[in-house]
Structures are given as structure tokens and as C-alpha cells.
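The same chain A turns up in both complexes below, where it pairs with chain B and then with chain C.
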Partner chain A sequence: MAAMQYTVIAGCGRLGSLLAGDLSKQGHSIVVIDRDETRFTNLSIEFSGFTIAGDVVELEILQRAKVDRADCFLATTNDDNVNLMVAQVAKAVFQVPVVIARLFNPAREAVYRELGVATISPTKLSADAFLHSIQTSNQSQV
Partner chain B sequence: MTQAANRYRDYLRARYRCILGYTGLITAIVGLLMLTPLALLFFYPQERAVAPAFLVPGLALLAGGLILWRLLVPRTGATLSYQEGAVIVVLAWLVALLAGTVPFIWLLKYSFVRAFFESTSGWTTTGLSTVDVLATSHVMLFYRSAIQWAGGAGLAIIALSALAGPTGPGISAAEGRGEQLVPHVRRSATIVLGLYTAYNVIGTVLLRLVGMSWFDSVNHAFAALSTGGFSTRPESIGYWDSATVEAAIILLMLLGTLNFLTAYTLLHGKWRAVIRNGEIHVMAFLIPLCAGALFFLVTLNLYPTLGKSARVAIFETVTALSTTGFNTIDYRAWPSFGWIVLIVLMLIGGGTGSTAGAIKQYRVYVLYKALVWEVKRMFLPPGTVTEPDAWVGETRQFLNDARIRQVALFVFIYLVAFFVGSAVIAAHGFTVQESLFEFASSIGTIGISVGVTSADLPQAVLWSQIIGMIMGRLEFFTVIVGVGKLISDARQMV
Partner chain C sequence: MRVILIGGGKTVYFLARQFISKGYNVTLINRSADEAKNLSRQIKAVVVLGDGSDPAVLEEAGARRADVVLALTGRDQDNLVACQLAKQMYSVPRTVALVNDPENEEVFHQLGVTVAFSATRIIATLIEEQTGFEEITNLVPMAEGKIVFTEVAVGEDAPALGKTLQTLDLPEGVLIAGILRRGEVIVPRGTNRVQLDDRLIVLGQPETYGAALRALVGGEG
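Then we have the complex of A and B:
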């Protein structure tokens, strides 16, 4: 187990809840924020962190989650704009060392990079996987 | 169809391997704990003869538990759900209670029921006892304090603090310690155990400073902070008859009954959140009120000096509310009013997430808030949005109908059990007052007595008190869920 880290996760959908459960199982301290309280039912039984029901774009909610003390901030809401904004706030206002945002639209990646926010784009990842599969199947046919 | 049933059976078998494995881990911890009284042989070498009564069960549990754990739990560890946690808690408590009887049967030659009663009273931090403490070895007395210490911390918290404990919050939630201090269950358990150990060290030194011997200090610190209440003196704290000793014990009892989360918030200097805390309000209201009522209506005419009357009033209020069960006087001389004040305090009990028992102040506070909310709503227009809240730790939580329903149902089942148990005692020829007092003391894991609990008590009364203590400590639902799951799964697997 790596050293214990304090991670704040914005958004408790399929991705956010999965990350929260896995990180919690590994022994990290986790706080998950979501606007909709019913989404916390997505969390697995491995999760032993805290949940906060509230809007992540509000500074007060981030303060309550003690983002200022976080080692890592993951923005996984289903809205690119929200992810960008809260990731920027986490980086600039709260000075979190590691900030990663999910990004659906790969066209915006350049903008994010300029702002110093690391991104992971499921769209781009699946596109790459598709291309890779096509190439390997082409090669095997030749 | 049969294939699906087979698959389910295989799944259940795999889960029960984990469940038994972690029960083994807790068994090993219980075994280790039973060996700790032997450390006292360094100071009291003349008591060497008692050693086998601790060595044999301790080593057996340690070895058996470790084997179960190593064989059954996968190397990667496992995550437990609340229901599985409940099964482990029920099994582990059974093991602990049964193992706890061995020294009583071996050394004091008690019958099984009586030994089981003593063991349960210790583990559940009740403190009712039929032991003649003057004729008992130091090692045995310390053993009683040690099981109260562990029962106060909780087997789940101790198991989670162990490096190899299970992951997930299932088991601590099942033992009624679901509230966490920090957003990870194991770290939270470690901090709780650390705080508790620090309390005990400070408490021991404090009691030594106010005039107890080292041996009495350790035992009384353990018993006060676990809100257990076993004493090494037949007169309990009354033996010292000293204002400073009583003040120190009151402080420790209050610390024991304080929610660990509140203590942690306090340690971080967040006074405001603590002042808003509902449990603090309940204590700040009840202690002066009840101590005042006891002083003017009960103790003022009973004791020779004003000072003694005031001390008794305050001490008995705190011992009942904190569910500790030390006493400084004999309640049999008290008028009925004093008894009813103590019964009400015993029913309310201590803080949630502390070592205390009974209904608990948080639940009483929630019901009070809900009542005020209901009345207020009657005066407001129908569509008004209201938000009743309660402060827990440093966060504000809102009360919703689901929460209030849970709390109300718990209070209902608690009171039903309270009256059934009292009826059992009354059926054996005790008065209504005695029955209510003694059973409130059992089910709330308090331990003050009006003389019902004695060595020659009928078996049915002892058993009802035993069941009351276990149900009170594990908060009913865990026992119901754990036993229910065991029965239904056993049917599937056989």
C-alpha cells in the first residue's frame, strides 16, 4: 500500500464511485461530493470515506471537503465545464498538488493543458482503442 | 435451478470463510487480552497459582483464532458488508463472553450462569457484579477491569486497528460505532483507540494523584473510562469518601461518555461546533437539572453535611447518565423520587460513538427536535420548507423522516425490552421499583444496583439481565440481523 493520501472526488456517478471505492479499499482517505444525495448509493461497500451532498462549484462546499489539505483532486462530474472549473479552483485557490479532470470532448484538451490541468478523456481513450483494434486486425489479415 | 442454488451455495461458503476468518482474528485478540492480567504477577508473585486460569483459555483462543484467520481469510484481505459485519460481531461476542467465563469458573468456582453473568457484565461495560472483591486476587480484579476496557473500546475498533483487519466500514457499523472521525475507517479506528489509550494513561495518573494506590488507579481508570464501573472495593467509590477522588472520577466518567467524534473536534479547537452539538446540550441541561432535583428533594435530608449531600447528588447523576455505575452511597435509603430520577437518567444514557450505553443522548435529542419541528409545522402554511438540523462533529446534519423513523423504532424496541425484562424480575418477587431500577441498569449497561443482583438470584433473572446487557450493548438490530442472517444462510448451505 502506498502512503496514505487524502483525495477529494467531485461527482459520484459511475466513474467517481468506482474510483472512490477502489481508493478507499487501498487505504486512502476519501471525500466524495455530489449534488444529488441519491447518487451515493452507487458507492460500493468498500467505501469508508465521507460524502458531502452539495454543489461542487460552490466554494463553501469545497472548503467543507477540506480541499486545501487534499493531496489529490479528481473532477469526474458529467459536465466538462464543471470539471474544468472545479479543477482550476482546486489547483489555483487550494493549491492541490495533483488535479485530474475527466473530459468528454477531446477538442478542449489543448485549452486544459494551457491551464495546467491534467485530463483523461474517455472519448479519446476509446477512439485509440478502436484504432488499435482495427490496426491489429488489419495486420493479422495481411 | 439446482445449478443456480449450487452456485449460491458456493458463494455463501466463500463468504463464510471470510466471516469465520475475521471472527478468528478477533478471537485471537480476545485471547491476547486474557493473557494481559498475567503481567500483574510481576507485582504480586504470590498469586502465581491463578496463572493457568488465564494462560490456558488465552493461549487456546490465540492459537485457534490465528489458525482460523490464516487458513480462511484470503491474503489480499476482504471487504465486509454490514450484514456480514453483524454476523462477525455476534459470533465474536459469543466467543468473548464464553471465554470470559473461564477464570470465574476456574478460580472462583462459580456456576456457569453466574460466571456468564459476570463475563457479560464485564464485556458489555455494565458493572453489575456478584463477586466478593475482598476475597479475590489482584490478577482476577485486574482481569475484570481489562475486559471492561476492551468492551468499552469495542471488538470491532480493536480488530480494525490491527494491521490485518478487514476493509470497509461494515463491521464497525455493526457494533454501533459507525461514526467516523476521519474519512477512512481504519485510520478512524486507530485514532479512536489512540484517544482511548491516552485517556486511560491520563486517568490512571490523575487517580494516583488524588490519592488512590497504583492498583486502584489503573482499575478505576479502566472502569470509569469504559463506563464499566467494576470496583476493587465493596463500597465502590464510597470507600474513599473524598471530594477530590469523586471529582476526578466524575471527570473520567464524563470523558468516557463523550462521543469520540466530539472529543476529536474539541482537540482540533473547534469550540463552536462542540457548543452547537446536541449531546452537549442534553448533558448541559440534564446534569444540573437532575443533580439539583436530587439535592433538594432527596439528599439534603439524608446526609449529615451540606457538602456530602451536594457531592452525592452530582456523583449519582453523572454515574447514571454516563452509564458507568460507580456509587458512593446505598440507594436503598433513598425515597422513590430519587429512584425515578436515576431510572430516567439510566434510560437516556451516554453519547453515541462513546463507550457508554442505553438509548443515548443523540437519539433523545433527535426525537426532541422532531417533536419541536412537528409542533412548529402546525403553525406554518402547508407548503413551507423547513429544515430541522442537528450538529454531529463539525458538520450540520439535517433530520429527515427516515432518520426519525429509525430513532423512534430503536427507542420503541428499547422500551419494550425494558418493560419485558422488568416484568421477569418482578415475577420473581421483587417490587416494581426494584425491578425497573435493576433492569434499567442492566439494559443500559450501567451497573448501579438496589440490591437485587446477588449471588443467590434465580437463574431466570440472571438470564434476563444477561440478555438485556447484550442487547443493550449491541443495540438490538445488530443481534437481530446477525442471528437472522446466520439462520437463513445455514438453511441455504445445508
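Then we have the complex of A and C:
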């Protein structure tokens, strides 16, 4: 991996703060953005990056986070539409090489894959994990 | 013409009424149960209760046959996603989004929305132009504001007063499209002379507008 990866994370909820802490520990340079300042208390003590309080759907906030220089952009707010919008802005406007958005509702996933947005759906991941567990427990009973 | 309107409030209500009076087939999408119920009582349109950025709701509203989808909520992210889904999943030929953050206007174009307009920017431009030139009585932006029609009054101090149109020092991209004089409309030629109390219909691009108005009626601008 390159010397110092610069990653911008939109949303500092459970997922955003967890990713921020882990990537920070791995040596990434991190900026986390959240509308609600109090959510930065979710960050672990390993986190050594910067925080910006602001709404990520405002272009100015992304500019302030220097998204144009980011190697990686992760959209993890709890609003699917916010994630879809900012992920596309990061890709199309700021030309970030790696962009991933979290999507709760898998119904929109296929469309956005066509539009070139990489998504991760926790709903789909859990369903897959459940199905996998059911299959393996069935097999062990045979 | 089949139109789907997403959002609520007075704008959507009056737009829907206007479209219906033009004979368009209008469907509304509103996510508040109370507002959706009120809208369905007040106007002759199908009202679908739900989130306009949900593919199933768009489909229920008839997106497959719609000619245009207008997303007019107060949240840019919802307007963008609704327009993109309408275009990608249901091949709606025209999508129109309200942009709340004026800076997102360009971004929305880039992301495939046919028309993105910022109410903030339009109102700001109107106020600026109106206060800059009190002689302006009417201003109509067209083609997404790329060209503007205005009506300006010729007062005693107007630099254009008494000159023929061909001798006016107008910048490129500006045209005097008409002269209103004592209730008559004149489609002018270069030899027409500007008189006191004339009202000039000026067509021009926003960039050159200030210079054009200064040449015609003076003023601070």
C-alpha cells in the first residue's frame, strides 16, 4: 500500500467511527465528517485524524475536507440517499479513485452499480450470513 | 403529457393545479400521510403516499409511462436519487430537480438530471437585478437563465434617449426585441429612434446584461 493513504469518511455513527478508528490504526490519514458534533465521541482513542462538523451534501463541506486529494471516500451516514449522492459527487466531481457507499435498502443497489457506484448493503450481507449459517447447520445435522 | 411531482408544500400544490388546468395528467408523491390526504382532497390528481426515491413508489406512481418527473423536496439528496432512479430504472425522458444548495446545480447536471434549478440563485438574481435598475419592470429568465427578457422604461436621464437603435452602444449578445410606445408595439429596425417613456423589450445573455442596461437607461448597476 502507498505510503500514506488519505481517506475521507462521511458519517460518524457506529460504522463510520469504527472504520475511522481501524484505518487510523493502520496508518491512514483520516477526516471524518458528521452533521452532529456530539457523534465524534463515538471515535475510539486510536483515532488520530481530523473531524469536520457539517452537512456532507453541501459541496463546500466536501471542499473543506479536501476530498479532491483523497485516495478513498467512504459514505456511511444513516441516510441511503445522502450516501448515494455524496459518493457520486466524490467520484464525478472530485475524482476520488476508491469510493464506497453503505446502502440499507438493496432495491437501489443494481441501479447504482450501473452508474459506477460501489455499494455495501448490511441488509444483504446479514441475509447472506443467515442463509450460510442455515445451510451449514443443516449439513452438520445430516 | 404525464407528469409526476414529488414533494409537498404550496409550490407543489399550485404547480399541480396549474398543470391540471393545462390538461396534463398529474400524479403526486408525498411522504406525509396527512399532507397526502389533504392534497388528494384538494386537487384532481392521483396522490401516492411514500418516498419518491423508492423505486416501488415511483413505479406505483406510473413512472414507466411518465414524460417528466419533477423532484421538489427540500432535500437535495432525495431529489437527486428520485431523478436518477426515474431515468435509469423507468427511462423517464426528462427529469427536473430542485437544488437547495446552489453549488449543487452543476453537480446535478453532471450526474444526469435533465434540468436542475436553484430557487436561491433565481431569487438572488432577481433581487440583484431589480434593485440595481429600478427602471426594470419585468424580468423573465428563459432556457435555464441562459437568456433573459426584460422590459425597461426610458426616462429623462437615459443615455439611449433620442438615439436611433443602430447608433446605440450595445454589447454583443443583446437585442432590442420590441418597443412599447403609447400602447402600441413596435418591432424595431435600426432606424427607429428611442423616445421618452418608451418601454424597451430587451433580450440578452446575463453576462452582458449589466453593460447593456447601463447603455440604455443608465443607472448604478
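Note that the second predicted complex is superposed on the first by the 139 of 142 C-alpha atoms of A that agree within 3 Å, B and C clash if a C-alpha of one lies under 4 Å from a C-alpha of the other, contacts with A are read in each partner's own complex, and residues count from 1 in each chain.
FYI, contacts are C-beta pairs under 8 Å (C-beta built on N, C-alpha and C of every residue); 3 or more make two chains touch, one makes a residue touch a chain.
Please read all numbers here as calculations on a predicted model, not as lab measurements.
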Touching partner for A:Lys25 - first (chain B), second (chain C), both, neither: first
First (chain B), second (chain C), both or neither touched by A:Leu115: second
Partner chain(s) touched by A:Ala10 [first = chain B, second = chain C, both, neither]: neither
Touched partner set for A:Asn81, first chain B, second chain C, both or neither: second
Touched partner set for A:Leu43, first chain B, second chain C, both or neither: neither
First, second, both or neither for A:Arg64, with chain B first and chain C second: first
Touching both chain B and chain C, residues of chain A: none
Residues of chain C that touch chain A when the two form their complex: 53-56, 75-78, 80-81, 84-85, 88-89, 101, 103-104, 107, 110-112
In the complex, chain B residues that touch chain A: 79-82, 167-170, 180, 182-188, 395
For the chain A and chain B complex, residues of the former touching the latter: 4, 6, 24-25, 27-31, 44-50, 64
Complex contact set, residues of chain A against chain C: 57-60, 79-82, 84-86, 88-89, 92-93, 105, 107-108, 111, 114-115
